[in-house]
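Below you will find the structure I want to go over with you.
A, B, C and D label the chains in the order they appear, each numbered from 1.
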């Protein structure tokens, strides 16, 4: 196996009953790479994320992350190894504040313990102060406004802002691999551009961070992804740079239909 | 904003409610008591409707925690002095304090972590029985029995937590209900627990070998022993709340909240769900054990009546009424649910009916409870404090 | 036939739709385009009465339908092929077909409708006693559309019908929709797959962030910047 | 006549089996309600035991009324008893509908803890109201005997007439319920709703009406169980509902929440454990519930989906 492989999913099959949501899918990712994952709705992209993050155990296949096989591990384990994700319909802790959500993102960097809370309260408080400052600093990269109102409950936020908080939360967990499930859904083009710029900025800052991004907006993909994988009907139908993908007939068909594929 | 004038309204709110509560308990006239209740409810509703005043009071509570806390402590300390002639009322307030400990513990599960536990009454009973058995049968001192009771209840809480790890919501509730019944039936049917007769003659605690819980006369003043037990309990309540408050502002409580809001998300951020759930069960049961032990040494007698399923249900009512995940609210809810029905003893039979109706009304009209949970605040070094 | 005027909806404190207006005229096929999260499903759920609008009106055949219950709306002649198909997995194909039938429908009409469907999709006839959950993806899609057809709708709404279908099946599926249109049923179609949808539609609307950002005849939309950009980055 | 040792063993066994049958039918009837309500709305109706005991009390009142009529022929009074049973079922069923409308529907989109608590509260209220309007209910009440004690005898083992009657009624109502679900239009709508609530309404099903009908049926079945309870135990108290409800819920969970057939199996399993623990374990009678709850715990740990239930895949 190559040394700079961050993730290598090999021949993944995920079936639900008779339905194969993923059919013999292999994807690999180098460190510091941004990979775009595209395909029509229901083509298995999110299922792939669920398999990698341990929510589903794959029916067949191996997933090597930093050289250890994580296929079938629990979500907690996978997260602790450094694989973090966002969700298609954002899954924040809704009744909690922006800041609480961000702090919880840093849970793994803590060793939370009820006894410390009682015996070393001062230390806990100080720790929270430091962590909160870091969290808000990260948040400010995505949105000054959100960082300026850390005590707003996330359930009051517009969907777009929730996505920002969610990405920020994932980054605060110091991931080695970040899986973004349609981070720009529901954003307008300028917001999307801004978000992609921020993600890139964060990636550079993190030094070693691989990103897989599911996105429908081709602008986003062409802009950010170095390599693109295309899914359709649970299979990988193409792989390459965006330029190559664009010319691929099968891909055009999947998106535009036969009639317009040649237009 | 309202920082300048927040203190006074908050202080007035506390003092007025306190005075009304004292009057309520002190007068021996059902009509006046009823009038006070109406006044309290009406006043509360008025404040609730008048947004600016409410905000002002809330801000006062937020910004002047220290001085208001001292006020509250002073008022609680003064409380028995109004009722030296009527030691029954002190008895009621002591009971209320004991239940406060149990419901603050239950709040960790029901309020913070959304684990609907109906068996807090059983843990209360386990604590009480442990303490009673150790002092009556083994002749040990309260100071050994109390910590043992706390720990035994905690261990049982932990054990009950184990089968709930794979379950949620109604399955979890079923586990707690089953546990409550099993504990009740076993204790009722075992010989060494006294069976249906219970255990009587549980001694009062002694301090350095001195029995301080005695009625004393100071000149013409007769101070009933309950007064001292009230203070004794108040001390434990103080410690319990202090710990609960520290926990509430720590990482672990954040973890409880996280599993309340979204378990899948929590898993994907590396939160150890088992550990977090078990800690909530363990710590909550410690509180129940402490309350049970204090109860049995106060009343001197324990039977399975005190740990029936309805006791656990009552404790859930206290948490809901006061406000889930808000310690202050839970204290308020508990005191109200213990104290108010006492005044209407003529309607003793309606007591459970009253609890049921209160619970339903709260769920429909104010599910967040009298005092809703607050967003956690941290001391921020940067100027990020302009949040609402 | 269907008219939405300045409809705004929200979920809790979060705005979902912002003053959406659209028209569907009798016999037309209209498509609703937009990426995930743009508000297509919310629009459809609002039409169906599953979400109550904060403001604005929805009328169907000249009658206001905002604020009335979903099942009454369906009975006025709207039927839906929901996103993800939403069959009743443990019921048989036959039962799935019959579930949306109301008692006031004539049994002989029903019978002929059923036969029509079985000639349209012979495979469903073969599997009529099999439970819906065991069908293949394509068969499920056929069943879902048949279930809506059984109600003999005046307006058929399809929410992302190509979801999870193999490309070849998508072609077939759209062929079917075209057939249904030709037989006189009005169609409202929500799709991400712009090209496919526009191929059979007369007109379309493009949603973004809960607002209509473009609308027009199919040719106009096909040429429009916003559509081409969003779907192939050209 | 002296009985041999073997005879005694056999008769005891027969007796336990009869007890299991009678109790199992009761629990099954209650469990079905839990499973139906849960299947449709994803809520556990904790006051279901309240419907059961309510029916026992209504039954007592009505049957006493009939027996109080003097000069009525036994045949007529027998028929009147059936009428009263029907009346008790209807009244309880209506209570079920009322409870759903007032305390479950408002929480349809709230977190699941809300309906748990609200139905728990309704349970308390029902129980307390019984106590209030029927003050003697605090003491054990005697269910009026409306049939002679004679019945079918197999040697020393007898099944009394009233037991036979109630057995018949229970089996008939179970069968009717199954037929209703399988054969009627509303029945299939109920099934559809329990598979996908929203999709059902999108298909034009009047979900509110179907929910009400289900609550009527569920509560009416609990009423049959409550009637059985009166006849079988002859003595009852106002607070017997809670534990019966919990048993019924346990049966539904053990059988697999959401499956009607599972509820019947679960109900019988609970009855079996309880009766045989009481009958064959020394000192087991007083703590027989401990054994049934242990069974529930074992299921929750090792097979939370129950006997019939399928593992659900969590949606992300």
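Points worth noting:
Here is the rule we go by: contacts are C-beta pairs under 8 Å (C-beta built on N, C-alpha and C of every residue); 3 or more make two chains touch, one makes a residue touch a chain.
Quantities reported herein were computed from a predicted structural model and do not represent experimental measurements.
Chains making contact with subunit A as well as with subunit D: B, C. Ranked by the number of C-beta pairs in contact, the top chain pair here is A-B. Mean C-alpha positions place subunit B and subunit D at a centre distance of 36 Å.
Rounded to whole angstrom, the centroid-to-centroid distance between subunit C and subunit D, based on C-alpha atoms, equals 43 Å.
Taking each chain's centre as the average of its CA atoms, subunit B and subunit C sit 54 Å apart. Among the residues of subunit B, those in touch with two or more other chains are 264. The set of subunit C residues that touch two or more partner chains is empty. Across the assembly, subunit A contributes residues 55, 87 that each touch 2 or more other chains. Partner subunit B is touched in their complex by these residues of subunit D: 38, 43-44, 103, 106-107, 110-114, 116-118, 120-125, 127-129, 131-132, 242-243, 246, 249-250, 253, 283, 286-287, 289-290, 293-294, 296-297, 300-301, 304, 314, 316.
On subunit C, the positions that touch subunit A within their shared complex are 12-15, 35-39, 84, 133-134, 136-137, 160, 162-167, 170-171, 174, 192-196, 199, 208-209, 222, 229-233.
Within the complex formed with subunit B, the subunit A residues making contact are 53-55, 74-76, 78-80, 84-85, 87, 91-97, 99-100, 103-105, 107-108, 110, 112-114, 116-118, 121, 124-125, 128-129, 132-133, 136-137, 147-153, 169, 173. Interface residues of subunit C facing subunit D in the complex, by the touch rule stated above, are 48, 50, 69-71, 74-75, 79-80, 82, 86-91, 95, 98-100, 102-103, 147, 151. Of all residues in subunit A, those touching subunit C in their complex are 17-19, 40-43, 88, 155-160, 182, 185-188, 216-219, 221-222, 232-233, 242, 246, 250, 252-261.
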